[in-house]
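You will see two complexes here that share subunit A, one where it goes with subunit B and one where it goes with subunit C.
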Partner chain A sequence: MNLAAVGAIIRKDFAEFGRNRFFVFITIMVLVAWGVVYWFLPDTVQETVTIGVVSAELGDAAGGIGDVDAAGLGVVTFGSEAELRSAVEEGRDDVAAGIVFPDDFSGSIARGEAPTVTLFVPAGLPGDVEMLIEGLVGEVAYAMAGSAPPVDPITEAVVLGTDRVGEQTSMQQQMRPLLLVMVLMVETFALSALVSVEVQSRTVVAVLATPTRVGEFLAAKGIFGVGLALSEVVILGLIIGAFGTSPLLVLVMLLFGAIMATGFGLIAGAYGKDFLGTLLVAMLVMIPLMIPAFAALFPGSSPMWVKILPTYALVQGVINVTVDGSGWADIAPAVGLLAAWGVVVMAAGAGILRRRVAAL
Partner chain B sequence: MSLTRVWHVFTREIRLSPRSPWVFFAIAMPLLMTFLLTSVFGSLFEASPRLGLVDEGSSAVTAAAQALEGVDVVLVSDVATLKRDVEAHDLDAGLVLPTGFDDSIAAGGHPDLAFYVSGESIASNRIILAVTTIELVRGVAGESPPVDVVVTSVGDENYVPIGDRLLPTMVYYAVIIAALFIPAAVLVDEREKRTLDAVLVTPTKMSEVLAGEGMFATLLAVVMGLATLALNDAFAGQPVLMTLILFIGAVMMTLVGLMLGLWAKDINTMYTAVKAGGIFVFLPAIFVLFPGLPQWIPKLVPTYYFLQPIYDIAIFGHTFGDVWPELLIAVVICIALVPILAALARWSERQLAMTV
Partner chain C sequence: MTQAIDVHGIRFSYRDVTAVDGISFSVAPGEIFGFLGPNGAGKSTTIKMLTGQLRPGDGSIDILGMPMPGRREEIQARLGVCFEEKNLYLNMTGRENLAFFARLFAIEEFEPETLLERVGLLTRVDDRVSEYSKGMRQRLMMARALINRPDVLLLDEPTDGLDPVSGIAIRDLVREEAARGAAVLLTTHDMHEADTLSDRVAFINQGKILAIDTPENLKLRHGRRSVRIRARSGDGVEEAVIDLDEDGAEDRIREAVSVEGLMTIHTEEATLEDIFVEYAGRGLA
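Moving on, here comes the complex of A and B:
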């Protein structure tokens, strides 16, 4: 292989890229925009439902609620109904809803009467939270009436898996792989557009009229594509803190991701007959590849068909490293799978583009 | 300007549309976005706690649980599957109701209850499901709490669920792709392939080409906007007003699309401009999603003046009397864009003449 020819094509592509100041500026701006979006996302998970309570007999009436304070329920006491109502309306002190116990609550219960408890519920309160509050009021009343619950799922609960209470994965952390994959996929399209233009305008034929061979042309496009995708995704990774405690490991995964994105870019570029044709092919490739990143936003395990998608290993790897602090040994299978996908897709892309170029 | 020639350009676009990938893209993308946003993100932001149930003895708790609103109840065949699903966080918690559970409760007993909690479930979901379980069991036991609960709604009566707040996003995609993206891409494509040169050597003028292509893009955008509103059942009984607003919005975006198509030197530049500018014109949809953000900011963006009226009518039942100020501003923006487009068209004609 003539490395000088490869180098010349890469230099030409970079020069074209660099000459287009608008393109460079916009690329930087998009990176900054994604970075800003990331930092606006919540970095913590609200695990506690905070309830405001008004009760002259707080020690007795609200005691039952206070007992479960550490298990996802927070209680804030207010001096008056008006204060509580105002707090609920304005969402002050993170109060999700309010409970007003009447003055003689315990006395009424003791006399066998059914006292009236007022709930202040803001618009849009989820049904499950309203159900919780009504249930809690009932349990306080039951407790004062001396009626213990027939079952006790609060204290007898068995936690399965690593208990993440207080250490839940934040929206920021969940979004990291999605942003990285999105940048890679956008670069898939950018490269495919670049390749498509060369094929459509037949400049590749002009290049191949020189001593440059197809293999060198493909190598140059591959190196340029990987370099472009990797540099952009690494910059975004730095902005959003995606390198965690194992920067080299994440860098390796991003490299394989960039190789894979470049391979898909070559495929889309080879098939696209014009800009929109290229866009459509790229979209057909990009949409399935985005699914693992979207799936990571949802709780629970992904179905098997998601796990076999090429970007799944990248998404899980980034999550495992940045959230769980996993190391090389923990995610070696994911890295291996990602590397295999990268090699296969790149080989397929190079093969398809080679045939396309040969047919010109 | 010859209306006949404008009509010819327009009908040419109509005739070519069935085999145009651009039109396919303009139709498919909004439908795909509607599906994704409603089915995926709607459930993501308003997820309910998920409770798995293994009922080994036809307990009445199961039927009561399935009737709950606010908790997603899933029946699981066996305990092993339940534990696996809970551990994988496919469920927030799992409950096993053994044989004879109801009889034991009815007899005043305290039967064993296996209640599994996923380590990844958030604490509030755990307490919600635990308290709900207690209430369900008490209900089966025939107990009712010795208290009357009065629920009083307070606060913002105009609260809109996240699913409804996604409406401007869906309308945005429907209008932007058809009205902005298509005319811009078609113009750039025609300039790159020099078919525009061929058209302009006939008596057809640039203004007639722009008018014909603009009409097609506007029509497609209005149709796709109406389809999106229909899919979301968002006409609010005012289809004529909605059509008018969509038309104004489509005209505005078509003018921008034509300007972009004339200005962009190639398809990559156009794509890059769409990629960058998209963030700006999408702002009003973002600010609807997050009503806590300062709401004066989206008013600086032209798309606000047709997206916001559509949202206000669909969600709050506003009428023309409420939204006419925004619509008037939208019309003024459209009128202001025309001379800019005309200037760009003249500039583009000179550029084409120089390169012939």
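Moving on, here comes the complex of A and C:
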């Protein structure tokens, strides 16, 4: 391997990149924009939980249910079960969950017959909130009976939407992986545009008419792409505090993410016919890759098809480290999967670009 | 004498289309060899095989005594190529373009000014290539091909579409390089350029070489040896065509040029284009 030739191509690529106002603009823009967006996002969780209640016995007095429990609980009454259900499903009136007391709730308690209370629980509601609601039902029964009720009401939870078991995280924490992945994708496009110009203008043919080998050309493109993507994603990571308690672990994951992004950049660059064509190909690659990061905005487990997307391991790894404080041992499988994806995608990108160059 | 380029029976096909069909030729050091043919004749494919970009399906290529592509890197270090397409880095300056390629050739102390002066671009050395005219870009391409002081120079349509001034500049450079000892292979479909520049020419059509010789020999062999003389005669013009192979041709010429009112004397030798048509049964367009 002629390292001098590799170095010369990398230097040339950085010079070309720096001369392209569009690339410089989008590179600086994403850093500034994402950094600003991140710091404007709320960094606290919603502490007041609003519950919707339907109770024929209590009527409007149901609004006082919140008083029987700890502070931080708000209650909104609804006239019918259907009304409450749709409010919970659509998230109207900030209703986090709903309780439907049966018509003869107090009578059943008094008779020693356990009434069944229906809970409307949206998918992804944190477990502690669900427990709080169940506790609230018990408190209401206690308040109605005036003392410890002879029987405890039975609660029956109806999960609305796809059930997701997750954790309550701030919007900043949820957005972190998305911002990182988006930066990688922007650099994927920048690299693909540079590669595409080199292929379409056939400057690569002139390069390969010198003693430079195609492997050296590909190595230079790979190093340039990884360097570009990694440096930018690290800068953004520092701005948005993505390194958590294990900075080295996050750095390794970002490195594999940058390798993967570079591989995709080489593929898009090899297929792009012009600027718009390259943009189209890059978008076709980028959109699916961003899905895991969007899925992370919602609590709970992602569907299997999301989990097999190459960026899933990166997104999950960053969340695990920055939110859960996971270490090397905890997320070794995710790091391994990410490394494997990085190697596979980079090899595919290099192979496709090699074939494209050979066909010129 | 060892040939700088020695090609034997090379073939290349793009899927079902045979682009080069078993051609052979050689170019000596210091020789300018014109490779003439219409578009799609196989000229550029031959250049690509000589640069190592394509691997011949059959036959052999030796450049400077080394097999191509077997010793590709060693050959390329002594090879200068000027491509048909203007494949320059447009966002870089002329100086940066040359400096980049000098690094790829591992030339440590490279001064682009000397080369840029030779091609008449010294005053535009720090302008971006995107601001260059077509002729200036072609001259920069030529300068790039000369960075490593090549022993073999491959020029693919180097003056195609250029203004006369740029064309002359390129042709002068080619002659200078040949005088230095470089073997020059020049592809063109401009027969006049080939005639004035080449020591030998090869006609190629549909992937096959039809003839190889010096332009003079080809013209002697295939052209008419005659002189057309025009002179004023009263209110009109009198014209005489004298066949040089006829008996008494010299006397007839002497007599014709001694008359009053002599206007023009033209030789009637065939052009390379005429000869190409004779061989290929078609023109160059």
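One rule holds in what follows: the second predicted complex is superposed on the first by the 232 of 360 C-alpha atoms of A that agree within 3 Å, B and C clash if a C-alpha of one lies under 4 Å from a C-alpha of the other, contacts with A are read in each partner's own complex, and residues count from 1 in each chain.
Convention: a residue touches a chain if its C-beta (ideal position, glycine included) is under 8 Å from a C-beta of that chain, and two chains touch if they have at least 3 such contacts.
On a predicted model such as this, the values are computed, not experimentally measured, just so you know.
Between subunit B and subunit C, B contacts the larger number of subunit A residues. Of the two partner chains, neither subunit B nor subunit C is touched by A:G79.
In the superposition on chain A, no contact is made by A:G146 with either subunit B or subunit C.
Look at A:R19: by the touch rule set out above, it reaches subunit C but stays clear of subunit B. By the document's definition of touching, of the two partners only subunit C reaches A:A8; subunit B does not. In the superposition on chain A, A:T203 makes contact with subunit C only, while subunit B stays out of contact range.
Of the two partner chains placed by the overlay, only subunit B lies in contact with A:V129; subunit C stays clear of it. In the superposed pair of complexes, A:M29 makes contact with subunit B only, with no contact to subunit C.
Applying the stated contact rule after C-alpha superposition, one finds that A:V137 touches subunit B and leaves subunit C untouched. Common to the subunit B and subunit C contact sets on subunit A are residues 20. Residues 2, 4-5, 8-9, 11-12, 15-16, 19-20, 201-203, 205-213, 360 of subunit A are the ones touching subunit C in the complex. The touching residues of subunit A, when paired with subunit B in their complex, are 20, 22-23, 26-27, 29-30, 33, 45-49, 68, 71-73, 85, 88-91, 109, 112, 114-124, 126-132, 134-142, 145, 147, 149-154, 156-166, 168-169, 186, 190, 193-194, 197, 274-277, 279-280, 287, 294, 297-301. The touching residues of subunit B, counted against subunit A in their complex, run 21-22, 24-25, 32, 40, 44, 46-49, 68-71, 83, 86-93, 95, 105, 108-111, 113-135, 137-138, 141, 143, 145-161, 185, 188-189, 266-269, 271-273, 275-276, 279.
The touching residues of subunit C, when paired with subunit A in their complex, are 51-53, 73-74, 76-77, 79, 81, 83, 85, 87-92, 96, 100-101, 103-106, 128, 144, 148.
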